[in-house]
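In the two assemblies presented below, chain A is common to both, partnered first by chain B and then by chain C.
Up next, the complex of A and B:
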């Protein structure tokens, strides 16, 4: 009985830990809505931060429509929480992250 | 006594000029500070030439500004100006002017789709490194501390900026209140990498306490951003109100400058 409880406890801890970390792996072309993106000359840091992510192949920043398109290399994936963190570190606010249907 | 008065006058003139030329660094806009410490505004160097035409002198000031972002919310930096003064009837002088160090900390950020509203506090310390023992003096001869609040609402369609600061001057020079307002308007579609042409209209004011009074400039300007790492800008400050003594008033100040992103 005790063993069963320990296994159950460890299992729940792992599941809740993953959910808290937001470990959602993203692949293909993804669209990230970014708030605060109002000036092209200040987007350099955003591009630079996203370039640091392993697996990111191309970055397209659309200032007028306030989003970023990221293409993830074939066979690679990028963690959503890491993307959000890098956008915040660049001085902007990340919003919805979705699979780009046009990409 | 005459020498002391002349030194005081030149010190005061330089104080007024440095305040008028304060644009430290982080434009756009051209003469007013901005609360956005990103891209060209936080990772580059800036330099500009200021040609100042006064009734009694011609002055050229070339500051170079080195900002450094500790984070996107916290910046430190330094400004070192080369100053050349050619007063009517006196020998001209040139050399290093008063060096400044500054720090900025963002206290507010509200982002929306293609817009942002940000505010920061800025603290500037001016060191009397410019020679102030000869006439004309290259520095004010005074330590100064300025505390400012800088706000900006920037969208892809326009930008509105405000900067308000109180400068505490030592060495018998009067304190002053700085007030700058700027409106920016992009002429080209906003895209990245940037290829921007921006127009600015600014009001740059300075109220000096005591008998000195107020100075207010109307400052139109134009700016071209050529790609990620290079910006060119030019503006002219024309006095709307100048309470300097007769014969010492400013005719205009012309600024031509560049900012280069290096980090």
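Up next, the complex of A and C:
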């Protein structure tokens, strides 16, 4: 019983630690809302930056509605913190990152 | 009675002066195919080439908007230039510059690699490239390479430059996200700064004649026309929707409306 509690405690600590560090692994197609995406130079600049991320298969930039759709290659994942960092490096503020159900 | 007469006279004189300075007048729009997103313009002969990075293509149109030719599969073609009948195309995503010569697309090599080339100028052996992510201008003169600017907001520094033109030994840089145009000499010394005092928001493109400098004020949907000496001449703000490029052709000014499928035409009153 004690052993089970210890394992459960360690497991929860690891999950909680990962969440705190922003290490949320993303798979499939995800939608990222980004502030200031209306300018084409910036939007395509962000696209160029995101292409450098390992595991990203396709990128669709929607300048009109200010979001990016990222498709992660099958069997791969990208963590959310890396994506947020990449977007900040390109000079943008990332907002909601959600699983895209239409993608 | 006398005072009212004087006031009326002053108003008439002021209106007259105002009309006299407003030399560029809206003339109409070239309607483009539906879903086109024109970012940049260049003229080779009688036709206009426009880049449509949203759809990864260039379109060649006549003055009625009829598509005469197209070049597809370009990875975000940006601010174009033409020289001697050739069209020069910076490809933003691949850091490549293409030259279209007699309809054939070939890589155009320069001696420094840009990171996201956003605009360029080519005239003979003089080449300038707006190197967006490196916040500088690559200047190639007779095969020798020089760099102008570095990242920053002070005079002489650049922040995401998107267009460059050279005229009369002066280098005009659309210092887009510093909201200004900086004019340099060939040694990199700043000669003049335009735009600071007029509330420009993203100065993304420029074009020049002997008399005027046109600058896009992208986020305010305006085009500012300066005298070549740098004094503001006129602000154009009607029938313009998110301008991303300007192109002078004699007494005509074309303006690319990125947020709609059209090019606005302004003409200079003679």
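Following the convention adopted for this analysis, the second predicted complex is superposed on the first by the 86 of 103 C-alpha atoms of A that agree within 3 Å, B and C clash if a C-alpha of one lies under 4 Å from a C-alpha of the other, contacts with A are read in each partner's own complex, and residues count from 1 in each chain.
Assume a contact is a pair of C-beta atoms (placed from the backbone, for glycine too) under 8 Å apart; a residue touches a chain by one contact, two chains touch by 3 or more.
Here the structure is a predicted model, which means the values were calculated and not measured.
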Chain B and chain C placed together on chain A: clash or fit? clash
Exercise for the section: With the two complexes superposed on chain A, say which partner A:33 touches: chain B (first), chain C (second), both, or neither. Expected result: first
Comparing chain B and chain C in the superposed model, the one touching more of chain A is B
Report task. Would you sort A:44 into first (chain B), second (chain C), both or neither based on which partner it touches? Result -> both
- Message: Output check: A:92 vs chain B and chain C. Expected answer is one of first, second, both, neither. What do you get?
- Response: first
Practice item. Based on the superposed arrangement, let me know which partner A:66 touches: chain B (first), chain C (second), both, or neither? Key: first
Of the listed chain C stretches (9-17, 45-53, 63-71 or 99-107), the one clashing with chain B is 45-53
After superposition on chain A, the chain A residues reached by both chain B and chain C are 38-42, 44-45, 47, 63, 91
Counting only contacts in the complex, chain A reaches chain C at residues 38-42, 44-45, 47-48, 51, 63, 91
Given the complex, residues on chain B that touch chain A span 28, 36-43, 72-73, 109, 111-116, 154-156, 159, 189-194, 196, 225, 228-229, 231, 261
Contacts from chain A onto chain B in the complex sit at residues 33, 35-45, 47, 61-66, 89-93
The answer for chain C against chain A in the complex is residues 37, 39, 53-54, 76, 78, 92-93, 116, 118, 132-133, 160, 162, 176, 202, 204, 218-219, 242, 244, 258
